Structure formats: structure tokens, C-alpha cells
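Okay, here's the structure, questions in a sec.
Lettered A, B, C and D in written order, each chain numbered from 1.
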């Protein structure tokens, strides 16, 4: 446990990079020594994100020239695009094997090499690291994360759905063949790349589903729901875009097994999360709003009766950039470095 | 069929009243002769809605003093709150029985007096009118509407869901016990009453479900879905609020019966609406956005495969103030007065 | 005056192109026969703007292959980027000299070739057309527009400021050296090009000025304010971006000359616009909101006392896509083709 | 200097109350022991603001029953409406004279009893406290605040304008009779009272000025600008509402005196704030965005050339709930209790 860990962020010019910085700048036990952004190399963070103008931060550099061994980093956050990550981390861990890594991409989330190849259409470039990687959903894998060198930070949609469903599946309390997840996300989930479809005038003042009938990135959800249930689970999942910056809300329709009433499902969740610092179960029948977790690392979960007997509605909400990405990444970092789990990520939500 | 019909709007100071005026001001076959708003009586419309400042409109008056017979109105739109409507319309039709009425409240939507009493907790105040009223979903009841004196304009959520589901239920193409309607609405659906929960800072930059597990206003949906299916249908329904002004999007999860594939469901809808001026079915696998129907009287419907075999996702979108309320009301008026159905409501959507 | 004019739009895949189509689809005296968009050539309008899905429109083509003479167009709207326009229009008018053109770019707005060269850093490519072009602010140049072949449609910011200031300058009622124009625009003014700075998450939930101290596109404003005043006028001008789609609001600070009170300035404006169909002066002391002109071709203007004696605040509001661009372009077209000036552009504003 | 100060908030159910709690919950040197809200008395904070659901906080009580002496409060934040504050604080300080007070209302901001009576139309109810109160703009009155018992926290609009103007006026660097402040605020500045004009659908997707030509709450600005300039200053001021939650941006037009160039004005501001933790001057010609200070206690200031020679444009931005209200109140508290000035209010801005 270092007095002040030396930290790097790969891919610091995107939204998850900015969110990491927001949290890490005030974290008392670390020093930010490396920031990369290939297209913005040579620039100051203030040119990329003016909110950091008052703070003293390293300039952005390109990944290519870095001497990983000389950098003496204790931990690196990798916020690179899906696909490019495998090679970078393989190279890094070869040259500086004592460095710890929290990877925010999807590259190390699947445990099964065959599943990876099936979903992504090619063999994994670092299969030995794939098997080493620990899935970083802290509430489930806390113990393994503490000793991990490489943690695969979960996706935002899947974190939101898993936290609502895993305790119910583990308890075999719901039917596994009728789960419908209707998910709604703020715009930051789409990243910072300049695309016509993400312009303000294309996405404000309206609402839509996207990728309906396509199934990308569901592999991670299938894997974890199935693990919890002890049998294969394929849930219906539809993502939507909300004209707001932050937040995911999942409205999840389930049927109780063996007569389990919605209130019993609620009790299961309340018990499962009673001691969790970042999951809060609301009183039965109350459901959460994304704005009440904005900027915080909290997940709020509610359960209510469906009007159809035997069915329940579970609603979970989190901030896709915090608990859905960078906040959870810092939570993982805290465990990996032996710090208190909530250090630097205990901000109260910003509302209004 | 009058050369220029004499039209009144009861409750002109709310959002559905303003939307009626937006459409009626440019309708070539009518004259607006009466506008009421009890709390704003004596004011000009420009004081209540400044966008009407350039137009010559009657001042707002209170309902109380009106001599219905002397007013010689051809047709009245009633945009009063649920509950107050029954007595007003009863009084009006007693004194001016030749006047036609399009009622935008829920008061005359249920055909069965027992169902009304069960849902609303009291006997209907005008049961003879309840049985006379025609349910104003034009695509289903066009013929009856043409000769009706009193039309009950459908609700916004239920119009959106019904247009997507009725042809499928009539064709017995989907299971009736597994329908999940996840609905999302813009803020104008909540009306113009000053409530803390509807302030900008309470509802912008966030997303939430409301009334989960409560079942108000579902009576109308149950009635119409069941009529179409020929058996009782109770659908799961969750409404959500989107930080936008106009629009409803319903994401509807269904299971095909007897092996009906999603593409077959799509074909059923495309055929059903092939000649409808205000329902447009997108190519298979495309799903709509609310912004593309904003300010128009169109409903866009899409169908896609669910990732769970045997299931389909149907998505429908409309503008809650236009096809979901005032546009549909004018569509009803056109039929009742013998005008072309699309007259005055053929605006192209306003996007961006 | 053709029974149905044959109309083309060059650059139909941007926001001003879409707004032109919204208005023209319902215009009773024309036929849309040509739509171009180089990067989207071959696609249907519904692929570019799904709101046009229900309408029968020509596919998008590239400009290059067009035979202007064979196209037999009565009038073309040119919504191409600034700079590329000159050559296209020169070519077009050479080959089809009877075609009329409404150009929405800045290329033909300056009357003085020397001013053009000074502002844009190069000689004009079609100086003979530059001198032929009529500046298309209808309220000022209506007579000349009626017989023009080439009309330069004014810019959105400058239309908003000019309509508020020109009658005051013509009457020599305000000081010319102390005019401050603080202008705020919605996001559609920035166009549809995919730029990081225009992403939803970059521009929602915040407000900022841009280009402060730079002076692009002020040439047009200088020219017209100076013409009206009969002497050189250089106004202070700061543009800002508002997280909304449509609308420009200009808050203009002026000092009355020779003791002119704000109420006298108001009277001057009210008189000047008394018969104008698209400029509406509010009662003294009331000021407009952009939302009350949304989607309409109206400009609302208000005048109030400043708290500093001798000074007045003039506020004007319009929809940048309608009166600020495409609506004004159709207004020009109507005059050029001999149609009633308000035909097809008399929509009531969409609020809420 | 107490180990843990006992803190109360009067008026905790409004937005400034919520913002105080967001900051104070994580402040390491205090204990929140009293929360009042007359209309919500008896409720838990989680019922009023669900984001506080995970935290242990006192229930809301009514002010009436409080025994101020027994409460043994070290410091009270008073976030009550303007007007009701004077009597409450007078009563409180009579019964518990050792309690310190930071008042967020306008009641104690004016030093001159005659000015108070002139602006508010009645004598001040606690003139002895009025003369005791220290104006809480820390950057100007830091020394006096440290020993004050009663601090009048400045208004949000006026903090934003003062921080940009005071160093320029003190240096006699700008003309005092030509200052134009064009100010734009987010919606939280209007408070949480349920008013039709503040509903989402009334204020989203549009922009407007309000109160133009009226001059409320300018007394405080006049007082402080005049103090700094050493002569009477009356600035032009127009407030506008932006469809966003948080943030104020002031675009300020000034003329340099005795040939002072804009870059010299910039240098004056940069020097004045070089050591201030919460005021950051951007490089010359760069101007700030409100989103880059959201949720932080920072003020960003920029200066650029006007296109009119001799004039400069100064732009300042802050979060109206943080530096414009509750953050500044905590900054005052820190000084009054002898804590480090930045304790608990050094959050990095939340963007996006």
C-alpha cells in the first residue's frame, strides 16, 4: 500500500477519462503522473476539458513513446476504445509486470475465449491475460479484486441491470426465461467521438430506442446472469437514448418463481445490499430517478408490484460515468491498492 | 356541413387548448367563437399564450355565464379536467342538443357503467351520454364517428399503445398474457398545473418511472385491447417521464402466437395501416423516434426481432399533444362535420 | 407566375434544407423536383431525415451531374456552405439563365466587391452576379425582390438585429456609436456537421459566448446598419449558444438621440411594422421569448426602459431556421414568383 | 474553533438548502443537528430530496418550536425567503447571541437603512443587526468576515458581476457610466416554488429576458460597485433565463478609461485574483462556459477585445447554487469558524 500511488490514465480525453480525473484530483492517496490521448498529444488537459484549468496536471502524451518500466506506475486506468486495449495492456504488463490495471473497455470482461471469439469475430490477442482478468463488479467479486493485477471494469448498462438481478437469480427467485430489461441512458454513454447522430439538435427534445434487434455487448450480461442463476439466461434488452447527460435507468420486468411476491423480491435485494456502501434499496413500491444519483457512485434500486399478478417491476438507476464507469473503476483501484473502498468516491449526488 | 363551422374550446388555457388553437387558427372551414378558462376569464389569449399575440381571437370567458343555445355552436372541444366534464357536457347538450362535442377528458371513454364506477369510485353523472359516446380512435371507429354527436377522444398513452397492438390482437397473432408496454412521455402530458414535481429543475437532466404498480387510467386500455382480442387482456404498463416537451414512445414486448415471426407481425401492421393518412409503418427492423413526429398528427410504428426467439419488439411514437390529444380531436371533428379527414392537420413534423 | 413552380434545393441534407422541405411540402403552388446532397447522393430523404418518410420526394443526387438547362427549374434554393456557392450559381445561371435563385449562404450578401475581398481574403468569383444580387430582407427590399433573379437571403443573427434596429437608425432616433447587441442562438444555427463542440454532452446544460473579439460575418450587419443610418455604424456584437434547438434572441442596448425616450423608440417600431405580416411589436415594456415564435416565420420585438436614463433595451426574437433562414427564403420565393407573400409560411408557432 | 461545529439550516427544503447539505454532509468538521422547513415539517429529508436517502440526517422541523438557546448551535445557515428572515434572525440572536449566522437572503446585504427603506418600501425590522452584518463577498471582505457574527451572503447575479468588475473599478480602469451587464441564469436561481412560469414545458427549448426595465435587487450591486469605484455607479443590467439547471454567465461591456486596452484590464484581473482559490482568470481572449464550473465553487473570468476600439468584453461564469449561494455560504462559514477556507468546497466541476 503506497503512501501516494503513482497513477496513469490511458485515454484521458474522453468522458470516462474526464470523470476519472474529477474523482482522482481530490483523492488523498495518489499522484497523477501520466495522461495519454493520442490525437491530443502535446496539449494541456485545460485545452481538452476547460474545467481542469485551475489544476496542475501533466500534459497529454501519446501512448507510443512511453517507457512503461521507467514510468514506475502503481496503477493504470485504461479508457481506450474497445479492441485497441488488448495489445496495449499486453505490452504494458510485459514491460512493467508489477503495474496494476483497471481496464474500462470490454476487452477483458469475457472469461471464455470461445465466447470472445464468437462475439467479436476474432481470437483474443492476449488470452493469458483474459484468463487472469477479474470481472470488476465489486459487490460480487470484491475478494478476488483485492488481489487482482488486472480488473475488467463492467459496462454501464450491464452494471445497472446486474445489480438489480443478480441477488434474485442467485436465490432462484425469478423465472429465467421472461426477463425484460428496458434500459434508458444519457448521452455521455455514447462517448465523445464527433458523430452526426450525437449532435445536440439530433438528440435533444426527443427519445428513441436504438440497435433494437441487434445484440452487441450482451455477452457480458449473459455471462454474469447465467453464472448467478447457475443456468443459461438470455434476457430481452432494449437500450434507449434520453436527452440528458448522465444516468441509466433500467426498468426490469420479472416473474416470481414458486409464488414469490414482489415484496419478497424486494426483501431479497434489501438484504443483499444492506451493508453495501454504493447500493441503496428504496422502500417497497418506491422507484428511483437518475437525477438523484447524478455524479455519485450510488445505485438506487426499487421494486414494485406489476399490475399483472405474479409479476414484479424492478427499477435501478446509476450514473453511467460514475458507478457505470469511472467511479466503479476507482472503487476497484481502492481495493487493489488496499485503500478504504469509498475513498475519493463518496460525493453526494448533485441535484438539482 | 357548414361553410364555416362555429367552434368553441372549453379549457383553452392548458396545453391541449393551445394545441387545438394552433391547428384551428389555420383550418380553412371554421370560425373560433368561444374560448373558456375559468381562472383566466377576462384575459386575452395573448396573456395566457403569447404565441397567439398576432392573431385575432375571442377573449377568455368563464363557462358559467354561457347561454349554450344562444351561442349557436356547431362543435365544442372540451379540454376540461377529468371529472368536471360530465356535468358541463350534460348541461350543454340539454340546452343545445344539436351541438357536437369532442371531449378530450377520460369521462366518456368507458362504455360500461359498472367499469366506470369500479375505476373512479362513483356512478357516472351522465350515464345516458356515456352510452351514446363513441370512442374516438379514428383508425378503428371511423364509421361511427362520422355520425356521432359526442366523441370521447382517446388518451395519449393509450392511443400510442393501441395503434401498435390492435391489429395484432385482432389477428390473434400475439399472446395476450405477456404484453409488456414500457412507455415514455414528454412533459406536456402532465399538463400546465403548477406543481413542484413538474418544475424545470425537478425534471430536466434526469429520467424516471412514475406510478409504478399503480394502475390509473388503464381501464381504457383494457377495454380496447380486450375488444380487439375478443377476450380479456391485461397488459403490463409502466409510464416514464422524459425531459422533453412533446412525444410518447412505447416499447412493446410481445410473443408471437403459433410461430408468428416478428416479420409477420410487421406485415400485419403494414397492411392494416397501408391507407391510413396518420399511421406510418417503418421498414422491418427500423424503429421510430419521437422527434420525427413532433408537431405532426403522425404515428410511426416499427417492429424488430427480439433477441429471445419467438418474441418481437414493437415501437410506436406519436406527439402526445397532436395525435395523442388535439390533433386527433381535430381529426374527429373533421369526420363529424363532413370535412376531409386531414384538413388542417397535415403539418409536416418539426425537426430539428 | 407558373401554376405549379418547379423547385430545386441544393444542399438538402442540412437543417436549412430540412426546414425548406417542411415548408415546401405543404406549399400549394409548387412541385419539388430536385434535391441535392453530395455526400448523401443516392439516398432517399427518409434516410437523411426520417420525418419525411411518409412523403413522396425525389432521391438525393450530386450537383455535378445536373443538366441545368434540361432541369427546367423555375427556382432554386441554394443551401450550400459559404464559399462553394459562387461557382455553383454562376454555372447554373450561365446554363439556365431564366432560373431564379434564393441563396441562403453569405456569398452574395455584400454589395461592395472591395468589402467582400477585405472580409473574405479573396476576390469574389462572380462579381457580375454580386452586383445583380438583391439583399433579401423583405421588410426593407420588398420591391426589388419582386423582380430579382438572384436574392441573397440574410443571415439569422443579422435578420434578428436588423429588424430591431433599422427603423430606429433610419429615423436617426438612436446614437450610432453605442449599440451593443448581445445575441443568443439555438444550436441548429451551427449546422449539421459532426463536430465535437456541438455534441449533446458538450452543449447541453450550460451556456457560453463564442468568438468573442473575433468579427466574422459582421460585414453584412455593418453594411445594412450603415445604409439605414446614412453613416458608418459598427455595433458591438457577441453571440452565445443556448442549449435549445431553435431561436435567436437579441438583447440590444441603445441610447436615444435628442432626448428620444424608450417609449418613442417603441412607437417608431410599432408604426414601421404595423402592416408587416411577419414582424410583431409587443406592447411597450413587454419583451419576447424565442419559444413563442418557434417554427413560425414571425419576429417578435419588444422595447423597455433601461434603468440608466436615456437608454433603452430592445429585444427581438425569431426562429433561426424559419424567419432566420428557410422561412424567409420561401417569403422571398413567393415574391419572386408572384405568389401571395405569406403562402405556405403562415404556420402558428409550436409552443409548448 | 470547535472540533465539530453544530450546524443548522433554516429553510432546508429549497434548492440552496439542498446544495448546503450536499456540501456539508462531507465536510469533516461539523455535525448537522437542525433542519427546518415549515411546510414539510415532520418529513425526512429523503422525502423532500431523495438523493439524501442513504444519509442519516435529522428530520425537518418547523422554526416555531425551536428553543434557540437549548439548541446550542455554533452556526446557522438561513435560507429563508427574502423578508421573513429579519425577524427570525433577530429572535435567534436575542436568545442565542453566541450563534453565528450566514444569511442567504437579501435582508442584510444593504448597509444603509435609508437605502433599504427606499428599495423595499418599509423600515428594516432589525436595524442594529443590519449595521452589524458583514457583506459576505469573501474576496473583498475576508478579514471582516473572520470575526463577524452575522454575514450577509451575496446574491448570485451580483457575485458574478462583482467579481468581474470590482478590481477594474477599484483601479479606476473603466468608465463608470457605460457598464452593460447582460446576465444569463439557469433555472435553479428561480427557486423551488411551484409556479406555472417555471414548469419544464414553459422554460425548456427557449430563451428570454425577464424583468426588463424593472430594477429589483439592484441595490446590492449599486452599493458594491459604487464602494469600489468611490463614486456612484449605476450599471445597466438585464437578466435572462437559460434552459439549464445551474450556472450564471455575465457578458459585461465596458470602456477602458485613459486608453486602457482590454489586455490591460485582463492583467488587472489576473493580478487581483492570482492567489484566490475560487476565482480563476482565463488567458486573454478566452471566455468561460458555465458547464465548466458546474457544482464547483469556482468563478471563471475571461476578457476579450470588443470590435469597437476602446471597449472590452468581460465574461464571468459561476454556479449560482455553489459560488452564487451555498458554496460561498460555506466559504463564509469556514472563515467564521476558523477552518481552512476551502474545506469541504473544493470539488472539481462536474462536466459533462
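Keep this in mind: a contact is a pair of C-beta atoms (placed from the backbone, for glycine too) under 8 Å apart; a residue touches a chain by one contact, two chains touch by 3 or more.
All values reported here derive from a predicted model rather than from experimental measurement.
Colleague: Going by the touch criterion at the top, tell me which pair is linked by more C-beta contacts: A-B or A-C.
Modeller: If we tally the C-beta pairs in contact for A-B and A-C, the bigger total goes to A-B.
Colleague: What is the chain whose Cα centre is as far as it gets from that of chain B?
Modeller: The most remote chain is D.
Colleague: Any idea how many Å lie between the Cα centroids of chain B and chain C?
Modeller: 36
Colleague: Between chain A and chain B, what's the gap in Å when you average each chain's C-alpha atoms?
Modeller: Comparing mean C-alpha positions, chain B is 40 Å from chain A.
Colleague: Distance from the CA centroid of chain A to that of chain C, rounded to the nearest Å?
Modeller: Here chain A and chain C have centroids separated by 46 Å.
Colleague: Where in chain C do residues touch two or more other chains at once?
Modeller: 15, 188, 201-202, 204-205, 243-246, 288-289, 291-292, 294, 351-352
Colleague: Draw the chains as dots and join the ones that touch; what shape do you get: line, ring, star, complete or other?
Modeller: Drawn as a graph, the chains make a fully connected set, so complete.
Colleague: Residue numbers of chain B touching chain D in their complex, please.
Modeller: 15, 187-188, 192-196, 198-205, 243-245
Colleague: Help me check something: in the complex, which residues belonging to chain A touch chain D?
Modeller: Those in contact with chain D are residues 15, 18, 21-22, 25-26, 49-55, 188, 204-205, 245-246, 280, 282, 288-289, 291-296, 298, 300, 321, 346-352.
Colleague: In their complex, what parts of chain B are in touch with chain A?
Modeller: Those residues of chain B that touch chain A are 177-178, 180, 182, 184, 186, 201-202, 204-210, 212-213, 215, 218, 234-238, 240, 242-247, 249, 251, 253, 262, 285, 287-292, 294, 302, 304-308, 311, 313, 315, 317, 351-352.
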